[in-house]
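Dropping the structures in below, format is structure tokens.
Next come two complexes built around chain A: one with chain B, the other with chain C.
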Partner chain A sequence: MIRNEKAQVRILEAFLAVLLIFSSFVVSDSLFTSTNISRNEGLESLGMQALLTLDSEGVLGKMIEEGNWTGIRESLKAVLPSSVAFNLTVYDDSGHKLNDAPISSNVLEGSELVCVEYLCASRNPRFNCYVLRLQLAVIK
Partner chain B sequence: MRLQTFSRHNSGQVLIAAALAIALIICSATMYVHEVAKPSGNVHREFLSEFVLAVKHGSKNVLVSSLANVSVGGENSVLRANLERWCSLVEKQYVFGECLLSFSLSNSSPYMNGFYINWTNKGYGISSAAANFILNIHGDEATAEISYQTVVSLRLVVNGTSESLGPERTRVNLTLQVSNEAANTLAKNITVYYRDGATWVQANSSNNLLVVDYGNGTYRISFSASIPPENVRVSTRVFDTREILAVANATCSYV
Partner chain C sequence: MPTASIDTFFACSLMTILVLSAMAGLSTTLSPYLTCSFNEGGKERCIQIAKYMLLSSGVPPNWGENGEITPESFGLAETGEAEAYALDVDKVSRLNSENAYALSYSELRECFGISDVAFKISIKPVFEVQVNMSSKTVAETSTVYTFGITTAKAGLPVPTRVKGYVVAEDYVNSTQSLVSQVGQVTINVSIPNTSSGQAVLVLFARHAFNPQISSFAVYYFQHNSEEPLQENSFLRLSPLNYTLTVSKQVSTANISKAYAFTFNYWRELAEVQNSGEFIQYDIPRLLDPSPFVLVVTGRNSTRFFVEYVSYPQIPLEIGADFDSSFTRTNLEVVQQLVVINQAVYEFMVVYGAPGL
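And now, the complex of A and B:
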């Protein structure tokens, strides 16, 4: 009877030991989740860099004024890594949506999104400025 | 024998202690890897600097747009109006906190109300705009005050010679140098005029107009005209790729 009780205690102790090690993995996993947040900040930075590149010679503002949404989409595809999906929406400074066609690559649904807002001033002698909302996600 | 009994009696506790130690090692190793791999706020700072860069770039584009407008005859007030619109848009942003962008038009000599447009008869011409900005970002995520000056300009330098090709027939050779606020730049459109009596006449293909582009902002222009070869006055009107106009007039030296 005493031997049985001892065996039960051993099993309990072994169970506790396994639980301890398992919980350490759970804690480690939660730490990696916070690392992913940093990666998202990197994605925001990547989006901002892409829009800055396109706007370097005033090309972005020109394409918006021409309504060249396909040109913007293809340019973004060229400057962003292929593993990053995007969806861009262009608004005027009053907040009205301008692009009547989607400016996007792959489907963003189901992916963790980040959103970057970029302010674009056109170089046209008839001045206009725009707000570009770029949604980005890493394709899994 | 006593030691063996103790070890047998406490083997479970030893197991738990060992598991605890292993768990601690796993946690601390993970934390260490996490700390080493963490960008330590650099990414955040990088994004802030990119936001500032975007605002600076936009401010420059406002000046380009306004100068392009004013250089073709637009009202000077367009610069202030455009900058107010731009600042208002920036202030609507809440990226790291409250954003405040203020500006002042450059009035330090030779600028007046943000502009310096001087198209001379001495072989050079300049169209320029300048403004000073202060960007304030104030919030939990970041606090920054960035002051910057933005200058946009188009400069022309022209000089030339005239030679006689016969009675009342003159050949004109010009060298035109085009530069912006940073370096030599390319012209999008060049128009050349010469003075015939009291009127300016545009040189064209009937004058055998030839423009050689050296690709570095230097242009060699030649044409012939039915005018006396002495004191030939020329005028060059240049639009750069940003649609900014500058004009430079010169009197050619007779050779």
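And now, the complex of A and C:
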């Protein structure tokens, strides 16, 4: 058998080079994979529609007048997807904050927020108006 | 190893590292611009398509009521002076493949007029109701069943008010309306021992703070019988235009009674037509923000059976199957809240196309 040491080294080099290139492909695959999920664009529409739905039979205005903040929070929890965090603040027509208890689901810090403003009118004869500011974010 | 080999190896490594870092740098720099211009257009288009589905009544506008009509243009909205995102109960029911008058996905695509995007529509209640039988106590004249009810959304408890109806052979009864603040409640149901065979518990759950948010579940069980359960196998129930059409799947099946249940009310249905092959019942227009559950009882030889359908016929899914898709497709999801017969449901449409 002819022992050509130079050829053996070349084969070893080629093997290492192939190994290196393939490993770089494997590494780069995970490096360049980006998740293509951007749900924030629909959040504004979802938030507005949630408030519209809750207000359709005057339930939202009634709950504000009764100070039923738990009811508003639980209703929002039911209609919004569980992956969406929210924080609602209720103001009267002079801009004073009305809700003395937080109307929120999860912590919104660190998430990209979307803000929806909604004007809610009560159905009683006094016709009170309230401004609702709903902040929404997708839980990461 | 000779010096030349080490040189070659290091040169290869250096080249690979350089190429990789250049690719990573370029990708990081350009990706925000690429995703913005590419995805926003696609996303916006998907939102507009969903809005069109939900805000347009279609052509002809009453295509839902008549099972013979295939719409020229697709739209699910209620006709007349309905509020935005209020859907027609019949148009929704015709999306369910179990309905005899259902549209197929190909018909849907054709009348919708969009050929470059595949889609899947699903409509379901905003929260789930789970029923489990926890115990059964046989007394002299009746048997008491205890059911554990859980109301939850994605595993999180939903405070609700729960009401149930039990239907067995020659027996219909309602339970008390119970409040479940932590999403769990127990209901006791008593059925006389004179009846036997299949029985169902029809359960409605309504959000504790908003009656429009409601859901339902139907639980099958055997009463005084050891025979295996056979769910919805003797009849095909198709509600449309406030008429329930019952067609026999088994020629030996005999239908005895039909009922409509909502959260607050229940009625026995009046038969309006009987042609032997199918029977039609009139569904009363009960003013209750709740889905209807229509129950039909009958016998197959000596065996008593109960079958049901909901009206609107949900939960439903129609469209392309993206889960088993082998092709590389970009997906976009649009979720909306919709109102059907004053009750709120979750509408979701998933779009798939390479260019989205």
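Keep this in mind: the second predicted complex is superposed on the first by the 100 of 140 C-alpha atoms of A that agree within 3 Å, B and C clash if a C-alpha of one lies under 4 Å from a C-alpha of the other, contacts with A are read in each partner's own complex, and residues count from 1 in each chain.
Quick note on the criterion: a residue touches a chain if its C-beta (ideal position, glycine included) is under 8 Å from a C-beta of that chain, and two chains touch if they have at least 3 such contacts.
Because the structure is a prediction, the values reported are computed rather than measured.
By the touch criterion defined above, A:I139 lies against neither chain B nor chain C after alignment on the C-alpha atoms of chain A. Legend: residue contacts after superposition of the two complexes on their common chain; A:L16 is shown touching both chain B and chain C. Using the contact criterion defined above for the overlaid structures, shared-chain residue A:Q49 touches chain B and also reaches chain C.
Once the two complexes are overlaid on the shared chain, A:A101 sits clear of chain B and of chain C alike.
Residue contacts after overlaying the shared chain place A:V59 against chain C, while chain B stays out of touching range. When the shared chain is aligned, no partner comes close enough to touch A:A7: not chain B, not chain C. Contacts of A:V27 after superposition on the shared chain: both chain B and chain C are touched. Look at A:C115: by the touch rule set out above, it reaches neither chain B nor chain C. Judged by the touch definition given at the top, the superposed model places A:P125 against chain B, while chain C stays out of reach. On chain A, the surface touched by chain B in one complex and the surface touched by chain C in the other have residues 9-10, 12-13, 16-17, 20-21, 24, 27-28, 31-32, 34, 38, 41-42, 45, 49, 52, 56-57 in common.
Residue ranges of chain A in contact with chain B, taken from their complex: 9-10, 12-14, 16-18, 20-21, 23-25, 27-28, 31-32, 34-35, 38, 41-42, 44-45, 48-49, 51-52, 55-58, 61, 93, 117-127, 129, 131. Chain C contributes residues 1-2, 5, 8-9, 12-13, 16, 19-20, 23-24, 27, 31, 35, 39-40, 43-44, 47, 83-85, 126-127, 153-156, 158-159, 207-213, 289, 330, 333-337, 339, 342, 344 to its touches with chain A in the complex. On chain B, the positions that touch chain A within their shared complex are 11-13, 15-16, 18-20, 22-24, 26-27, 30-31, 34, 37-39, 43-44, 46-47, 50-51, 53-55, 57-59, 61-62, 64-66, 68-69, 72, 74, 78, 82, 85-86, 88-90, 93, 95, 241-243. Here chain A touches chain C in the complex through residues 9-10, 12-13, 16-17, 20-21, 24, 27-28, 31-32, 34, 36, 38-39, 41-42, 45-46, 49-50, 52-54, 56-57, 59, 63, 68, 70-72, 74-75, 77-79, 81-83, going by the rule given at the top.
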